[in-house]
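These notes open a run of structures that come right after.
The two complexes that follow have chain A in common; it is paired with chain B in the first and with chain C in the second.
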Partner chain A sequence: MVETVTLTIDGQEVTVPKGTTILEAAETLGNRVPHYCYHPGLSRPAQCRLCLVEVEGAPKLQASCVTAAMPGQVVHTQSESARAQRRGVLEFYLKNHPLDCPICDQSGECKLQDYVHEEGRAHGRSREPKRVLGRDDFGGDVLFYGDRCVMCTRCVRFMNEMAQDPRLTVVERGNRSVIDTFFEEGLAGSPYAGNIVDICPVGALVSKDFLHKARAWDLDHIPSICPNCSQGCNIDLHVRDNLVQRLKPRDNPEVNQHWMCDYGRHRYEWMNHGTRLVAPARGRGEGLATGTWEAVLSDLADELAEAREAGLGVRALASPFASNEDLAALRDLVEALGGGEIVFRSPRADQEIPLPGFPKLVRRRDLAPNVRGAELLGMRRVGGEDASGGLESLVGFDGILLVMGDALLDAPEDFGAGARVLACLGTHPPRVAAGATHLLPIRTHAEGEGTFTNVEGRVQRFWPGLHAPGEARPAWQVLAFLAAALGAEGEVPALAAEAFARLAADHAPFQGLSYEVLGTRGALVNDPVSLPGA
Partner chain B sequence: MAFPYEHEREVRILSRGWGDPRTRTLEGWKALGGYQALEKALRMPRGEVIDEVKASGLRGRGGAGFPTGVKWSFMPKEKTGPQYLCCNADESEPGTFKDRELLRWTPHQLIEGCLIAAHAIQADHVFIYCRGEFFEAVQVLARAVEEAYEAGLIGKDILGTGIDIELTVHSGAGAYICGEETALMNSLEGRRGLPRIKPPFPAAVGAFGRPTTINNVETLCAVPHIVQHGGAWYREQGTEKSSGTKLFCVSGHVVRPGNYELPLGFPLKDLIYDVCGGFRPGRSLKAVIPGGSSVPILNAAECEDCTLDYEGVVEAGSMLGCASVIIMDDTTDIVKQVRRMVDFYAHESCGQCTPCREGTQWMARILRRIEEGRGTEEDMDTLLDLGDQMTGTTICVLSDSAAAPVASSIAKFRDDYLALIRRGERVGAA
Partner chain C sequence: MSDHTKASGPIPFRNPGWAGNTGSFDLTEAQVRGDDFVGVRPPDGGHPSGAPSYPYMKADKAPDAPLFEGPYRERFEKILTRYPETRAALLPTLNLAQELRGHISPDTMREVAVLLDLPEAYVRGVTSFYTMYNKKPVGRFLIQVCTNISCNLCGGDEVLAAFLKHTGTELGATSSDGDFTVMEVECLAACGTPTAVQINSRYYENVTPDGVPAILERLRARGE
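This part shows the complex of A and B:
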């Protein structure tokens, strides 16, 4: 039993665990006390002085970010004294602020803008010239606009406490203090430095990659999972004009807390890749011609049925970038064809890159999001660390070959030439298409809905952020249609939710899971891996 | 021999060796009866030492005036690990120069006080944090510490009592804020000199994360005398609530500025006209800052009946602070003096808290503009409003200190401001 305290904030009674601060207690009521220096993942210097609130009985306003909630406490966040304090502090912030919102990347998601619009003075009283610091390249992906800085020191504390790579500091003191790097050593090479751009409450630290690319209010935020390693960091896709503009971490205390690595953050362009497979096609070599989904799929179903009649075996090549639903549907189809081995190839990095301040967050060696899901569905990893080779059992195979999501970059020119059927489900045209009998365009994870299973065994949902090009369909739908045509039991799922329900019903590791259980933070499979730092 | 001036109304307890280089040596200090109090204190139960200091009514001489014995009793009852005593010798308040003299002339007095205090609070290690600019004083003190170590007065098994106390002299780098007790601890630990949030208070979590007591040089220097002669003896000087003697650092427009050790409760007018010899011919009193630059200014009328004890100065409308009496005659340009003080605070603000970081510099800019004859009457309202914003809203009291002289000078010398704003005329020629 957790010890609790009950206090009153703005007339509302709230009960919180002992040791909770007033600011956090107010947040449970949906009352966000303005603040800059406070960040839930960092230490609390209580220096911005914006979160000061009136506590009855206290002689002075109290910094709500460090003052523990006490039983019977009566707190006013909206009293005249608290509001006057915030108005005053905001005026101090604006004294040297350049007010260059029209050209500032942070505009629209800027805490200074928000707070000043909410309760700042209509007119500043300063008649003094503004201090000018200009712009500094901090190295890596980070640019520093000193004039916009509110000196909350979140960035310095992140580098010291979380990255434990102290490359930033406050130089000078008083009004002359400024965030800086040490001499010529910048942030380049620090694997988690990109997070300081996220936690900067104003436009002082901005991303070079995102610089002047899009206005914050034009971006749609779609919850997703980082597809760049098997950690499964919760992210948001920031999308404009059907293009992913940037990735931002989304809070999940079980996986990535508030952070993500720069490796993952900067690998999103492939989701916007232009040369896509946009229409289904059938026929071999020169005879390959596009057709409707109906025609191509019924033709494929017929050929698969014939091959099965002829007693030919089936082998499949999957991809760890595919969702659990896609992989399970592939497994079901292979079973409907008489059963066979499914292999996959996955790129692996030389080493892991942990975040020292939250060691559960690691850029994993497996550079694909669903290696664990593939393994749980009985698929076997083949090939080398660079996702090449390992195709020996497939190259000369004369039965049914199913390839899903693997671009066959290193396959021999005659790959699948001897196979009775070679169906390729992919987002991009396979490099060696000569042997293919059917090409089926499918969606990327950014375009579809589904789940990944991360290294720990946590099943997490992602949502569609982009419109799929042309006639691309979810792979689970295509595969389930084929399985049904071959006489497999059950209805073809129409929704990702149904595909997930079927996966959970049919495959033991996922049994008992449902969208309700997953929620927005995911849930563990029945045999999770215990991670150090968990 | 006294230093630099003496007066017969002085009661010289702490300053009795000043001016005589022999008191800097162990031999000279012992000749004055030094280290007898240490001998006595180390053989007393430590509770009795604290009780004696409580009985003396000694209050912290660094400025806040908190009862020293009470402060000592905040240390943990049960010792669970290392505990520390810090001696704050980072004397940087504009107008203050008493600790420097104590360090230069009577270093052994301080060492003795530190050792007694360390015994009383069960500290294993004493750190004397000296202001960075105290080059000579640190040399003298370091020499004395060496002598005391050699004589077995510091270190293991002091005077055969089985008590171990180490002592380190640490030189700061010259930042005013490092005189704030928690910033001092950060600085001592090798961090940026930024004040810490309280709670936790130093008696619970202080230097190096351990229980720590921090006392001013003058406070610790008074301790041997109290132990030697008893709390009741110390109470013979001063007033009921402000007992004992105090070093007054007098600067400004008087004939004989300097350090004077006087009983608390001494009349301010007597200090100015009798002890310090009054003003130069033809000049008269305009204002007094009675406790270092961070306390409100008193005008001539308020000085009339002011007595120099903690309560008396508060009654007059200011604070005793560290008793640095800055006396200004009628040639003083108050706006300029206030601007200079605020410039100091703007320069010395650590820059953590927004109201202080931005407010001190903003105030300094406005005052500079007024001084140059480009001010407006609204500027005075802005200054007062900024002062309100900067008072009681920050981690430490530096911003309060910057705001106090501004607010009090506008309240009491409004005409000086208006003369500059309306006619560009400076009041006073200085």
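This part shows the complex of A and C:
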């Protein structure tokens, strides 16, 4: 039983576990006390002086980020003295601030902008010249605009406490203070340095990759899962004009806390890849011609049925970039065709890159989001560390070949030439399209809804952020239609939710899971892996 | 005299205090501060009470001197014994490095960081926080003129101007012969005897613009 305390904040009673700070208690009421230096994942120096609130009985305003909630405490965050304090502090923050919001990347998601807009002075009173520091290239992806900095030292503390690579420090003092590294050392090579851009409450630290690319208010934030390794970091896709502009971490204390690695953060361009498979097609080699989904799918279903009648076997090549639903639907179709082996290829990195301050977060060796899901569905990993090779059992196969999501970049020219049916479900045209009898455009995870299973066995949802090009459809839908046409039981799912429900019903590791169980933080499969630091 | 003030015999143990067992205090000023008026501290730091790490500036600076060898190594190790962790020893270590080299260059910061096993960036942050660490080379004589309230009222600005005029340098710059660097500083805590000027480690009090040439003459004379 957790000991609790009950206090009153702005007239509302709230009960929180003992040891909770006033700021956190207020947040449970949806009352966000302005703050800069406080960050839930870092230590609390209480130096920004913005979160001061009035506590009845205390002689002076209290820093709510470090003051523990006490029983019977009466807190006023909006009292005249608290507001006057914030107004004064904000005026000081603007003393040397360049007010270059029109050209600042942080504009629209800037805490200085927000707070001053809410309760700062309408006009500054300073007539002194502002000190000018210019900008500094910190190396890596990080650019520093010293004039915008509010000296909250979140970045310094992240590098000290989380990355445990203490390269940042406060140089000089007073109004000459500036964040810097050891002269020209910079942050290059620090694998988690990109997080300091996220936690910077103002526009002092900005991403070079995102520099002047989009305004914050034009971006749609779509909750998703990082597809670049099997850690399954919770992220937001920031999308404008149907293009992913950047990836930002989304809080999940079970997986990535507030952080993500630079490796994952900077690999989003492939989701915007232009050369896409946009229409279903059938026919080998020169005879390949696009058609309607109805025509191509019914033709494929007929051919599959014929091949099954002829007693030909089925083999499939899946992709660890596909969702659990897609992989399960592929498994179901293979079973409907008489059963056969499904293999997949996955790129692997040389080493893991952990975040020392939160050891559960690791850039995993498997550089694909759903390796564990594929393994749980009975698929076997083949090929080398660079996701090549391993196609020996498929190259000369003369039965039914199903390829989903693998672009066959290293496959021999005659791949699938001897197969009775070679159906390729892909986002991009497979390199060896000549041997294919059917090409079926499917959606990437950024365009569809579904779930991934991370390395630990945590099933997590992602949501569609982009419009799929042309006639691309979710793979689970295409595969379930084919399975149904071949006599498999059950309705063809119309929604990702139905596809997930079917997955949970049919496959033991996922038994008992539902969208309700997954929630926003995911849930473990029935046979999870225990991770260090978990 | 009441009884309790009388020593009842030799004291078996005296709290060594911050500087260790400093022994006798029957010292002359020359023993504590060095025997030259701008200060020549013996490389071994002098008498233990002479605070081996006390901010100190020699006239004969050696920017390329190795950190720390011989007696300086002993003084550095003595500094280390005083603190529970190396981070706390950073300021006295930087003092010692500055005494030896005259200023704290980036290379010195790096060497100190290695010696104390601290992040280089942290050492830079600390060094840059304190204005008494010279971040660039200074002349053999660092002249720091107080222009804070008391000295200012009594002509600190004129004294500063006189030093600049007679050394022929600009504020913060070093004279072409490498002898003088003139700086303006905040209160030197000698408000009773304005204008206060600190040259290397020695105070000059009640300085007037007229007295400046004589001071510089003495400095030049001993600079031979």
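Note that the second predicted complex is superposed on the first by the 534 of 534 C-alpha atoms of A that agree within 3 Å, B and C clash if a C-alpha of one lies under 4 Å from a C-alpha of the other, contacts with A are read in each partner's own complex, and residues count from 1 in each chain.
Everything below uses one rule, namely that a residue touches a chain if its C-beta (ideal position, glycine included) is under 8 Å from a C-beta of that chain, and two chains touch if they have at least 3 such contacts.
Everything numeric in this text was worked out from a predicted model, so none of it was measured.
In the superposition on chain A, A:Cys48 makes contact with chain B only, while chain C stays out of contact range. By the document's definition of touching, neither partner reaches A:Ala417: not chain B, not chain C. By the touch criterion stated above, A:Val395 is placed in contact with neither chain B nor chain C. Put simply, more of the residues of chain A are touched by B, taking chain B and chain C as the two choices. Of the two partner chains, neither chain B nor chain C is touched by A:Leu486. When both complexes are overlaid on chain A, the residue A:Ala188 reaches neither chain B nor chain C. When the two complexes are overlaid on their common chain A, residue A:Arg173 makes contact with chain B and with chain C alike. In the superposition on chain A, A:Lys95 makes contact with chain B only, not with chain C.
In the superposed pair of complexes, A:Gln85 makes contact with chain B only, with no contact to chain C. Put simply, chain A uses residues 170, 172-173 to touch chain B in one complex and chain C in the other. In the complex of the two chains, the chain A residues touching chain B come out as 44-50, 52, 59-61, 63, 66, 85, 88-89, 91-93, 95-96, 125-128, 150-151, 170, 172-177.
Every residue of chain B that touches chain A in the complex is listed here, in rising order: 175, 177, 192, 194, 197, 346-362, 365-366, 369, 378, 382, 385, 388-389, 392-395. Residue ranges of chain C in contact with chain A, taken from their complex: 106, 109-110, 119-125, 128-129.
Per the touch definition, chain A reaches chain C in the complex via residues 166-173, 180-183, 185.
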